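Note that the chains take the letters A, B, C, D and E in the order they are written out, and that residue 1 is the start of every chain.
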């Protein structure tokens, strides 16, 4: 049969009917609109009886299309489409005419509202005439997750998913997992030892049957879509065979290059060229720093294979593994392919480079250090075994000035945001300092003290009141060296006086920044990032752990500054999303996807293959397809939409000059019908 | 002066879904006088229009012996047929016709008839089949060979049943291999093969053939093999048409205008046309 | 008589689903009144708006058109509004070159939170177009004379 | 009836026609082109040209014309017939070749049933032709049985006899009526044999040779060879005074619409494309062959006329310099060689 | 130059480097040339080169009939060569599938074509072989290149509308403009799409406006200013003005010139975050 459209005009109590004559709208619609065979009004369409009315009438009247004139589609489109399904009508034959938010509530004049409502309903009945049945797109799910980043966020998420019974692939670009949390001394507000809580988790992750770990590895590329991502992982040449190596330490003990700044210790200590980043590293197996190793330098200079260099072979000679040594100088990067169904991005942050603050002597004076450096100084496993010594001469500093908001909240340094953790960690630093240097004095320059967290305010107050840190409200204008002292010039805005402190050490509470390569990385994943290059969540309130790409989730500081509990919570949330996703064999997706024209031979497709659509597609959802003759020769190359990747924006359709690609649910005929029904003439 | 492009207005009085995308309309003249004066013969076609979408050409599928209405069967393929399929009983369409020549059924009197149709090409023959069946006494044996891709694609399923039940019609239905259902009682195979198996003696027999080009191409040699002379084989051609009146200039094959000189041709006539179908 | 001459502009608005449409909803939720001259067509993204849509809206009698979507950087689809902006950067001058007042096609970025901006914008468009008067050029070509060819249209 | 017309009287002629309710269409200069267009006064008329850009066809078969209008209400269609399309007019100063196209096309538009839009315009329009006093390389009327001063299709024929005077010969009663109604404008013919200034158009081929060759050579490599440079635009068919193919389309809003007849052309790929995707003339050689065959074989067989008046417009406008007379010359030569 | 061209053409055909030469041949009058398709070495004398070689022969790269002749060598002027860049960028041909016989050119047409008046590609920017003495390509300032538009841009809104309405009224919808355009290569043009019919097919003012605006818009960021549309228009509509206007806007707003650099991203398939948005409220 032809189209039979039912129109249901909702009173919404009096929300609509007070300013729109709903009876008249129904009447006019029935009288004038082609294809409309049934109209009615109802007090509350969204109520159970309202939905029942819809379901009953679809059946009784044999409706092939439905328009609900009611509130915004954002409210109840889903409700009514589901009701239609129950009556056997394809839900994509149901359209909503928004006569509440965009009519009755904004136009108090009843004749005006009635006229506009009638128009809005007509536009929708015309669209419904062109609606096509759409089937939800079923996507197969690969039950395996990828976690990018092996810090606390990644480890937490990995453990949660692995415990949930699914395989996890973890990729960490450093030689060990652990991330920033492994570097911390104690954690606020409890002052428990960071490594003491972190290391067991690292071990657990390493030993978990469901977790495969790739350290010293990076993501080469990610293609595919929700449920079916194809991931290429670059395993960077470690020069050490992880299977053979026992981590016996023989090699790094003999390494002659001993003056390389340790990244883990924030440059406060040195390491060798073959090294493990820190004693508790996982895997506890070394890597050769090819930049600094003299053998590799020599090989590069002579343009020979590393193994052919004879400059220094101390580590390989020292390696007790036989007959094949665990060290392989000629090892090359390896690309491995994995298929996963979901991805959690937990790539963390980096600390703002201190050099940015020349006026504070950052990067210039050894004794002006960053928060992370202080963490290493205060750490029992750090370069000073937890003793607070200043880097320049190892003296115990008696006056330490902590400067907060270094970078943070300072648009001129590129960080207009608050790094959220610094107030707390500075308070912690003052305490740690006072615990270790009892006679020392801590000054803190701050703008505001932000301690919004359970036990945070109390913790901060303790630093001031019990531990005697002097908090000065104001900015530091300059730090300069005078003898072996650092003169800190600042303002105390509360007293309105200029403050000059002769300090032994200055600690900058440097901002948390997005990783340097965050932008390129986001593009690799087709996820959005914000102005500060932190990855964007899908919705700031309601979808805080989803990225803008389906199947990719965010955890931890890659999404924005966070402290540990928040990071762990978000990691858990992301993991639970992934677990939900991996719980079914197939996923159903909204079928609002683009479609490239296909026809019978000899036309095949009106697409001419200029691939503008491919170039504008934000999701790389357009592929090229060769249409071949029986003999295998290519007749034409045309575009094809990968339904799994397509998110239904319609960019391709608007870009296509011949309109050979259209968006289901918003196809050309539907849009044309709507415009046509505006009917001003 | 009369406007030759002005259509009759017709009311859709019934709609039958025949097969996926294929639908039959029963049409009645809105103006009863026009209806009374209207006459056509089997084989003729018309232009059906949905106002706002344009005109589309297809045959009249009902028999001239049934005078109260006109029926047409169409498949949804283009702008107009898609618009037609949105219509309901009670809606109005335009109808321009009848146009073209006719099947010479008087000449066929006293002869055996074999109708061969494939897929959506049964409608063009339905008119003439019913016409002959309604004048059943005038013809000898009547055989109908009808094939489609799948069982679902067969059109006029009720009438096929009716013809099958009649003992004065020999109906052979077939579907392409793979198109059969478990309870399919007809044949499985392509039309040309089935024709070869089931066609009656060519002696004193007229063959009327309609189907997609590929079917025609392979059936004609079969008929020839069976001894059918070219002038005893009739078919009806279709083409893109706009006016139906021999003016718009696109339906010609050589100097033959399908809309005026056709659509009914014998295989002999077709063999003389240039190869530009 | 004065009644008859009062001109009420007809405005078609093409809105993206995620930002401006939601912004217009918000204006409703806040009961912020505005002029009723607008008919909204919702699309997933401004990036999905083909200039043909605008031409068709004029052909169907619109006196003015508003195209509105997410602010730069806010696009639900990452870059849809950026591509849209490129398009309008060339399409708008083209229409202007052909003698169509660019004020008849307006563009805005209105977020889901900017109900107020929606009201302002739509009132602004209506007022501007009201001041411009009916789109006579298009009205003329929308009505085809008895002889549809150029013979009659030229005069 | 014979008269003369002084150039200086053109103005009184146009005014006279206007007074009698005629619309006058005449060659008019528009930028680079001379087109047949409506004129209000004789000043606008431009006669120093070989050929107008557009053909006279446009006034009988407009590039687009309403054949129906309708209003749509739910379940109700009301048809209105177009009126006022046949405007009483004079085409002044068209070329004999253009005029000759009209009786040729009368045949197709009256074949079996009459197209009132053509017929009523034919009745309403009087053709006053001016014989060509010059020609160009593209002109080949003499090769298709016409001449620069042919009278076919004209109601009145004007021939230049001096720089400022034309000989006026009425061809039809309609023409005679027109002249009689405006007697004051015309003078009596000069005594003796007037000096008819008529262009001499070179005869390029024997038209008799064309059809016999076409009858035999439906499949010939020349179709592909000659049409290789063709870009399938419809310019040749649209400027041609005898190409009459058209399309019928509906254009409508929700509440009202028109059914419109538009020029269409056999050179377009879409022209014969079936909705199934099948296209009987899918390649350019087939379409080019169709054009030549239609003009010089099919139309002859059907209506006993060739469908070409040798105006040369198609060759002038062809973006790829396809020259129809060149093609016909080749055909005629081939046919000759056969003999 | 002609001799060099013929010699090279002969060589290419004899060595089977290419199957066909798309070149210029003598036309029906001395002031015209016409496209020729040379497939045999002995026919190379049909090739000519003179100031009447206005055509952009790259349009034959889109036509199935000429494509069937095999791999072409194509005679291109500097302006025409830009087309090939776009065709490659838009996946219509591969660089290796066409042999480019670039000719240096000091302008074509009599009188000189408008496109030649601010020419900065006397020597093609892309070619396999260069015929003729290399001419140093000039840098021409932005304003000079678009000077032609000035008098039209100056017009008032109403004058513009009236001017274009008058021009479009002449349109007969023969589509010669898009048929000749080497970059209008769609299998099915948007005007031929009838579900829905975005552009009225009739040649009335409404249909003509939509068509001409859409045609121009579809060439935005693509048109290489060969002016073929304008040359072939039987109604003499100054179509290239529209194209040129769009080229100007594309260059002004996106700093993009079509056909100049094969590595540039196609202007209408990319964006910059800081694209102009002065007109957006």
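One rule holds for everything that comes next: a contact is a pair of C-beta atoms (placed from the backbone, for glycine too) under 8 Å apart; a residue touches a chain by one contact, two chains touch by 3 or more.
Bear in mind that the values here come from a model prediction, so they are computed numbers and not experimental data.
*Asks:* Leaving every chain except chain E exactly where it is, which of them still form connected groups?
*Replies:* Take away chain E: still one piece.
*Asks:* Measuring between Cα centroids, which chain is at the maximum distance from chain B?
*Replies:* A
*Asks:* Would you kindly tell me how far, in whole Å, the mean C-alpha position of chain E lies from that of chain A?
*Replies:* The mean C-alpha positions of chain A and chain E differ by 46 Å.
*Asks:* Please compute the C-alpha centroid of chain B, do the same for chain E, then give the distance between them in whole Å.
*Replies:* That pair's centroid distance is 49 Å.
*Asks:* Cα centroid separation between chain A and chain D, in whole Å?
*Replies:* Going by mean C-alpha positions, chain A sits 70 Å from chain D.
*Asks:* Residue numbers in chain D touching 2 or more other chains?
*Replies:* If we look for residues of chain D contacting two or more partner chains, we find 63-64, 72, 247, 249, 251, 253, 260, 276, 278.
*Asks:* By the touch rule stated above, which residues of chain B touch at least two different other chains?
*Replies:* Expected reply: 78, 91.
*Asks:* Hunt down the residues of chain C that sit against at least two other chains at once, touch-wise.
*Replies:* 56, 60, 73, 79, 83, 87, 142, 144, 148-150, 154
*Asks:* Among the chains present, which pairs are found to touch?
*Replies:* Touch list across chains, by label: A-B, A-C, A-D, A-E, B-D, B-E, C-D, C-E, D-E.
*Asks:* Given the complex with chain E, which residues does chain B contribute to the contact?
*Replies:* Within the complex, chain B touches chain E at residues 78-79, 82.
*Asks:* Can you check the complex and tell me which residues of chain A touch chain D?
*Replies:* It is residues 31-34, 36, 122, 126, 599-603, 676-677, 679, 681 of chain A that touch chain D.
*Asks:* Please name which positions on chain D make contact with chain B in the complex.
*Replies:* So the residues of chain D touching chain B come out as 67-68, 70, 72, 75-77, 79, 81, 108-109, 111-116, 119-120, 218-219, 244-250, 252, 257, 259, 261, 264, 266, 271-276, 278, 280-281, 286, 290, 293-294, 297-299, 301-302.
*Asks:* In the complex formed with chain A, which residues of chain B make contact?
*Replies:* Result: residues 15, 17, 85-89, 91 of chain B touch chain A.
*Asks:* Report the residues of chain A in contact with chain C in the complex, numbered from low to high.
*Replies:* By the definition above, chain A touches chain C via 72-74, 98, 100-103, 105-109, 112-113, 115-116, 119-120, 123, 526, 528, 530-531, 548, 592, 616, 618-619, 647-651, 653-655, 659, 663, 666, 671-672, 674-676, 678-681.
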